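Pasting the structures in now, so scroll down.
The two complexes that follow have chain A in common; it is paired with chain B in the first and with chain C in the second.
For the complex of A and B:
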């Protein structure tokens, strides 16, 4: 096997893995503070991608100008998700039903508004190739990787080195103790949910110039994100980020030998195997937030 | 006691409706809707069993449905089995897979089960499209032969018309529903309810939830698998669209509307929600939008189903009349 080809595939895998990481980390963040799983997460990512296409191409504002608009959409949707799930009274099933309903509303609305046609988003400022030694890739991918890594680094700094971020971690670790030292748990949870949703929407924005986007792209990513958080350990941000990068690389490298469906099936089997052998996930509860 | 009486009368009334229906509406179109209704009644009950009684939300029922359908179709077409053992094998395979994913995911949590159940259905959908040597890929397996029953001494009966198939699917559905009803009414069923209502209390009584949950998953997977086989032999084709998310959305609505844990309520909701979309004839995307909004509304305002509505109105009326009296006293 040609080592340059392997290196090339690995680089492509890192790009995709960094997009997965943004989605999975947001999912893990929401689970961390609320103990609920957001089943609309994949559709929020889809909305990010489709809204990017709508603003950049249909309205014609251009790709970079669309980013503030999609961020705003992410903030609004994040607040909507928070309002929807905040009073579920600890019933995980009810929260899942609510977010599933939201997912259906988002997907069918996108279908009704924009049809199922795959759409392309152009990023004229980033045409051409990016070269790093023997590795060559379209410049948009390199930019997406840097942006995704930057978002995750920012999230890390926010959670560990700002007061607001620390309140989120405190609530995730022990909501009662956090309330006792005067932390407004509702505000922290709201902030965490909105952050998680904005990450998913921005992941869609970053993906849009790389691949064709369409309203049914969400579900597949949701299931990948689920596999990532289960393998990494539910509620563990570090686990989600590391496993996401790993999954992106695995998919990209395995595409040299296996079909995409075989890679999906292996991921599913791996998820079951982790549940059987190490249910707390690779990074466990100790690594939570 | 009263509940089981209501349930028995309600069930008998629904069966009577089903029998009368076939004589009042003998057209192949109407009978086709009737067959679909019987399918949905079992599929929704399978979700009701695992969610309403077992306390586990599941997105796997449609996966089991499709797995049973494909298993039966492949056994009949490729290995020459007759329909009945093939349908049974489909149900058993679905049950085994269900117990396995249930066992694995419940080691972590109920949430893990929900996640794995959705992932399983999606993987089965992908495999149905991709494993062409087994499933014939996206085109599926067409030309499934009509099931037959041969009783010694009589000429064999072939279920090859809408009318005969209606009776076949009605008989199988009623048998599967009675099986579920029997399990729910048994000691195991009461254990399931106890665990769902108060898991810590049940555990404190020395009840291990896992075997009862696995029983609920396994039985629900079995009936979903068998009815999947019955469903596709009526269509005479099985293809990957059997794993469509629409079925999952529809049965979730049926269970929430009928009330999780209400046997007859869910059956009635299944009948209504099979017939209603046929009459309304709206586009798939608009239907999905409406279902999504309905799901949110039900989960927010009526988590115990529409059957709760009269009770809640009565309670509100009582509370306000109490308030009036207190004011009068004061």
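For the complex of A and C:
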């Protein structure tokens, strides 16, 4: 085995893992406070990317200038998602139908507004290759890695070292006890859902210069994010982040010996096996949020 | 009142005259067309129907066949095999079609083939590309009623690899394909013809449709150091792969079922994958007198570029009209026998004949992307 190729695929895997993590932590956050799976998460990521294209390319503001606009879109969508799911009253069916419906609405709206044509987002400052010793990658991927890692670190600090963040964790761990000590559970849930949605939308903005942007781009990541959140333990942020990095590295390294299709099959077999042995996931309830 | 009554009266007179005129020439010859008029495939099937309609009109303007006009009966199969069979039964039993064109989607054509055999009605497949249709058609395939003029995916691979082996220095080619019938079929056909012609397959990679990230695959393809990368993937996946391949500094040219026109204009301007060679079943730019005239008339009439579906639908009608004329009577068996002996000059510059599998071998169009321009470098027999 060529050691440089090994190192290269390891670096590719870390970048991939950080991208998976950025999408999966939002999903885990929303599950953590509300116990619902957000089936619209992939479409929220897609809306982030398509809105970036619209603002940066169609309107012509440029890529960096599009970030505040998409953040704002994320906040608005986050609030809308919160209003949609806050009263599901723990009904899993209702949550599934609502978020699946939302996914369809978002995808069809994007098709209607912007058509299914794949689009290109340019980030001129990030063209070319970034080299670190023998390891090479497109500069745009290196930037995505740093930004995704930064977002996750910020989220960690927010949840563990700020008062607002602690209220979210308290509500996730025990809503009734949190209410008893005077925490406004509704406000905490609202904040958590909005944060999760903004993370998905911003992931779309972050990855838009890397991928072809079109209305069905969310599907591939959504399936991966589900696997990550389930293996990591539903609602566990640490679990989601660790498993995301692990999955990215596994896919990348295994591609040296296996076909991509086989690696994907193994991922899901692994998911089933872990659920059989540890139904609560690798980082189950006890370590939630 | 008078002016209001004039138009319907005029219309009635004209239609009466027309009816009388046709009545003199005999009842219309019914040609059936089964294809998806609605559903997900409908937008791709519209150019086919337009090509068919245009040819029927032209043939009728030139006096029809055996002094009788052709009437086109269209039935919507929605790209569904069950509905395909129903439409064909309806076309035969109710519309009294003597020959049927269709069925667009390969799965539907395959479902319809036993039906036309039982009903003994010639069936001209003009668009479907699944290689499996060839083996099940013609006297050798035990179905003398099914004919195919469209080029199978295998024929496309044959034309492309023969061109690459003869006209380029590429001797190591890597393949990346989606994990579907289309991708796997393309990979198999390309590999077989490569092996036959002494071209090495340096690597074969498959991926699930809608895969978001191609990084590890691109790393593997490039590390195999091929002379070219053959791609078998569709639509958004192709755009996504190309975007990432460019970001990775992709220098190795692309080939396979690659249409350079699918790259964005900026990518072409940047000189990305310069030297790539693709293959198409048809191009309106092919410079033969017949194609220039067809493409010009088509653009004028439909305000759109003719697609391969348009050209093949158009030629299907002309081949059928030619067979009916040679048969000398409107009889399904006589038309089939005449079709078998077809010698038809295609717009792509080759004389179409059906082999023992009733497969015609039209030219494929070989395209080169060079210095920011796409040009036709060869017409290669499939």
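Just so it is clear, the second predicted complex is superposed on the first by the 288 of 289 C-alpha atoms of A that agree within 3 Å, B and C clash if a C-alpha of one lies under 4 Å from a C-alpha of the other, contacts with A are read in each partner's own complex, and residues count from 1 in each chain.
By our rule, a residue touches a chain if its C-beta (ideal position, glycine included) is under 8 Å from a C-beta of that chain, and two chains touch if they have at least 3 such contacts.
Quick caveat: nothing in here was measured; it's all calculated off a predicted structure.
In the superposition on chain A, A:174 contacts neither chain B nor chain C.
Of the two partner chains placed by the overlay, chain B and chain C both lie in contact with A:261.
By the document's definition of touching, neither partner reaches A:65: not chain B, not chain C. In the superposed pair of complexes, A:162 makes contact with neither chain B nor chain C.
In the superposed pair of complexes, A:8 makes contact with chain C only, with no contact to chain B.
In the superposed model, A:98 makes contact with chain B only, not with chain C. When the two complexes are overlaid on their common chain A, residue A:275 makes contact with chain B while staying clear of chain C.
When the shared chain is aligned, chain B and chain C each come close enough to touch A:220. Comparing which residues of chain A touch chain B with which touch chain C, the overlap comprises 219-220, 259, 261, 264. The touching residues of chain A, when paired with chain C in their complex, are 2, 5, 8-9, 12-13, 15-16, 19, 116, 118, 120, 127, 129, 137-138, 140-141, 210-212, 214, 216-217, 219-221, 224, 251-252, 255-256, 259-261, 264. Chain B contributes residues 51, 55, 57, 101, 104-105, 107-112, 114-116, 118-120, 122-123, 126-127, 129-130, 245, 249, 252, 256, 285-289, 291-296, 298-300, 303 to its touches with chain A in the complex. Against chain B, in their complex, chain A makes its touches with residues 35-37, 39, 84, 91-94, 96-98, 100-105, 107-109, 111-112, 219-220, 222-223, 226-227, 230, 234, 259, 261-262, 264-265, 268, 271-272, 275-276, 279-280.
The touching residues of chain C, counted against chain A in their complex, run 179, 205-208, 210-213, 215-217, 219-220, 223, 235-236, 239-240, 242-244, 247-249, 264, 266-267.
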